[in-house]
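Two complexes come next, and they have one chain in common, subunit A, joined by subunit B in the first and subunit C in the second.
After this line comes the complex of A and B, so read on.
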């Protein structure tokens, strides 16, 4: 299998990397990549840019915080075997609801609607204390134990993130070949013709959003275990823009772009402050992102494809999926 | 998919390079976390200056070891403060952390400190009550006060001197203003005052009209615990709507930037009392010396050290004094250093004696200030009263104080 060729070196990474790199660079990149994957999935196959992916991830995270162990006296503790499915279910539902609200919108209007939902949710979490514990949010969140090992142990956690990311990528590639996945792509390419042959638009659009909610929710759960806390800031404008940035610099035309973008983003976010004046590190981040967007309009993933094509050794003969015609 | 392998190659190379970095022995690494981005950036930078000033005063060396200061930025969110601290600890290998700046960040680092017993945390200027009062952490120190200590003296001044009997509260909806309101109401309610209504607004709110028109007619004054632009927006809208109740300020409500801004609301502020641990033009001799030292070190800094420079300075100074006392001994999870910090005493820039209570929270000096009009028509703050030796229990019995429960929207209450 081709996939194992790429997975194997990644799985062997714990032998080389120290804990900081394993957890705070690679695991974090994988988690952000998973959440960005949900956006890339929507952008690639439905042709819609959604700003609500950090929100869906946040909903899964908040549900897990509410029903899991925490130190803030809010919520009811359930076993993880119940809490994790509930969290995923809620993120899928939240995705479906966002899809239902935004189903008639495309382009800039879809962006506006999803952004409005995300910001409304952000202010709600910040002011609601009975479910979300307001500004301060939840702290002291623990990951489940398997035997004596906590899932948050660096090597275990990294492998978990890697496994989930690989599984989700496989699910995306399976889903887009299914009848529903093909319908979703048909909706992207020609809404009116899909309607004209009698297929209602609502079901494929809502399914696409719900599936994106599932991906984002998986990332959201990992993110809660990584951060060991969640607060209104985790669903604020900052993370929303971060996810968009990751997707755009990675490339919106192929699902794997999300992970490439995430690695670039995390490296920049972590180390920019070491390279320049402490007061100016955000300028460096901004300029680098600007350069990537200018030089690689299709993202880092697209830049790679171009390079390969130019030197004429593209073994796959270019991309085999996701030739999107989207206009946004 | 080829790029994945290349990426891994690069990453593995970088990781290998990093894992063989030698650890320098004759060096003490201090990480400083402050807000260097967004609305607080200028103030956060001043916090860093405070820490740098304390290091500079020792000549950059303590007990024969070089001091290396590594700064990190957070963005006022607990998540970013935790990420910054983790990078300082796990990547840069710092021994001590000074910071963070704001309330909920402090709570988050307090929780984080329990997972890193080998690092000593000294709070910057964050002032939520529960950072040290409840669920405190053995290696988290606050050489400063909380938001309630910063209001000591104001409640009784408002009731006894200004004769305010009923006061409405307008404050931002998070941990620091809750603590400030507690500090004000503890004295004010004990003196016999009433707070019939409290309004909590989201931070960054622009439109206060729903609050302005809901402030009861029969109150004598409004206690406003809002910061920066929120305070300007509220006061402007309140005065435009014809509001004429006197104002009582929280610690960060009436700073010089608000007094220097334009608008009819300024007439509401003349005579307004406020509580703060830091007054820029205080004329105590220690403060004058501190200001001179600050100005010499940072000619491009503010005209006087801000509350943030003051607090980061005290924390960094405490760390350096203790390090000096134990000759830089950081063995056994900083055992000697922490024993030294626990009983450390030093004279603060405001002239009082800084020392810790059993929860490792500072016993501080606090000021009651008043806005006055200078001869040229500009406004300034002047000191009405200095309250020395303010502790976190506000002079009350510990059991009774804790029994009142954590601060929240509804606690305390005296309608």
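After this line comes the complex of A and C, so read on.
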């Protein structure tokens, strides 16, 4: 019920919004939100901040570029029906591998290890030409055609992104209620107790990372269709920090925070040019991140919950208050 | 054989540089449990300031000291103004230091532009030294770099093992609350250690700018190497940083020489291997 309240106006958006808003604001926000969702999922339910989410998205993107149509002479072209599952599989595998490497680490240790993995992958894509085509990467990437319409047509693409985002959010909320999802949350809350009742830690941790890899990979595929190219810069420090910024701005305690953060980030990215010099955008982003971290550690979603809670209390407690407490 | 020995020597040079870069990082982490993501930016800042000083005065030693001083000041300021306010909340500190590094990198790009800088060496260091064993000449600055790393490493060890400040730092690593209870101003000690770590980073930056060169992006390179070095060597341990730096420096140079397109994979493989066997690093203490 609650989902339709949000989904319906969003699905009707193409009637009101023009092409620019539809593609460069909303679709882009949804794509970045999906990739950030993979980080927020890990942070919310496993309690681990991973810096390797842009990398997992990039791996799906690279695989799709390698097996899909491109204008660079690298790779083998396969039909999309084969290329897309392979891309998703590889991003899931990359998630599992990251999880396997970082499985014993929490907190800042996990941050350092996932960051090291992500940056090492970035340098690897620059050095390697046989799979990643080095510095330049892949260009001329096309999205699939269905009948006569390309998926990249603004309205179709927006609805696709919206559908994928809604599906992934539903999957997250289903997954965290499954036995495995509950085990993952138990690992977050008390690692030792989980071990004490005889559950090995590796399986839930690796599953959580692999699921995050699936989310990130879905976003990575959409991102490749949006950008129509992929290169080492797509997995560099820039995107890594962007995804982190989105998740932190939105709030790391609830999956929906990823999308709130993404909308704020894209609006800032697009319209900041009116306030500050285009060249100094990174300073603006850095300062924004700093302010959020210092003043609103639970992000915009946290601020929203606080406001709702205060409003709800003023009305002598309502349904909203219960929801906001549950989400924090 | 000569090729192998030269590559080994190059690896040790790189290891010396990595040790200089990582020692400040691990020192800060050891005492405060702060992962200072702005460490790469501090290195780059030191390099730029050092370049500027050498460019105007022409005295190389002054450049190294000036670069160290600038980064020490910047580091102290970051701890006193931002990170110290959220002491104890490690995740937020990490995120805040990332924000600081983004802003610093952007402002440095603004001021110094996207050019590559190399610090001009004094005449005594500019040439090469003939090494009889190898039968070839080797750049003096690189030999000096190895010596510098050894001297600084020993000094750092002396500081931590033998002086009063070192005793306070070691006490702080073991039990921060107790140190505070004994009446030490922990906040001021933290700022001091952060400045010390910054000084090491700044000097490493000037040396890196002399032996190699610096440009935007150098900060990320050194942040990555510092991260990998301390993950391998053990977080918070100076000896671990030295060991990690030697392993990673050699691995990278051998990789570059014998398998150019897979160079990064070697250091990565070492990291994964160490994590699999000893998650706390070769010389680190257990996380728990």
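What to note about this one:
The definition used in the following text is that the second predicted complex is superposed on the first by the 293 of 328 C-alpha atoms of A that agree within 3 Å, B and C clash if a C-alpha of one lies under 4 Å from a C-alpha of the other, contacts with A are read in each partner's own complex, and residues count from 1 in each chain.
Definition applied: a residue touches a chain if its C-beta (ideal position, glycine included) is under 8 Å from a C-beta of that chain, and two chains touch if they have at least 3 such contacts.
Everything quoted here is computed from the prediction, not taken from an experiment.
Of the two partner chains placed around the shared chain by superposition, subunit B and subunit C are both touched by A:282. In the overlay built on the shared chain, the residue A:17 is in contact with subunit B alone; subunit C does not reach it. Touch counts on subunit A: comparing subunit C and subunit B, the chain ahead is B.
Contacts of A:112 after superposition on the shared chain: subunit C is touched, whereas subunit B is not.
Looking at the shared chain after the overlay, A:193 reaches neither subunit B nor subunit C. Of the two partner chains placed by superposition, only subunit B is touched by A:26; subunit C is not. By the touch criterion defined above, A:136 lies against subunit B but remains apart from subunit C after alignment on the C-alpha atoms of chain A.
In the superposition on chain A, A:248 makes contact with subunit C only, not with subunit B.
Within the superposed three-chain model, A:123 lies in touch with subunit B and with subunit C [touch as defined at top].
Residues 123, 127, 129, 279, 282 of subunit A lie at the contact with subunit B in one complex and at the contact with subunit C in the other.
Interface of subunit C with subunit A (complex): residues 33, 35, 82, 85-86, 89-92, 94-96, 98-103, 105-107, 110, 220, 223-224, 227-228, 230-231, 235, 260-265, 267-268, 271-272, 275-276, 279, 287. If you check the complex, the residues on subunit A that touch subunit B are 2, 5-6, 9-10, 13, 16-21, 23-26, 71, 123, 126-127, 129, 134-137, 139-140, 227-229, 231, 233-234, 236, 238, 256, 260, 263, 270, 273, 278-279, 281-282, 300-301, 304, 308, 315. Across the complex, subunit C is touched by residues 49, 101-102, 104-109, 111-113, 115-117, 119-120, 123-124, 127-130, 237, 241, 244, 248, 279-280, 282-283, 285-287, 289-290, 293-294, 297 of subunit A. Only residues 1-5, 7-8, 11-12, 14-16, 18-19, 36-37, 41, 45, 48, 71-73, 75, 77-80, 82-83, 86-87, 90-91, 104, 107-108, 111, 135, 173-175, 202-203, 408-409 of subunit B touch subunit A when the two sit together in their complex.
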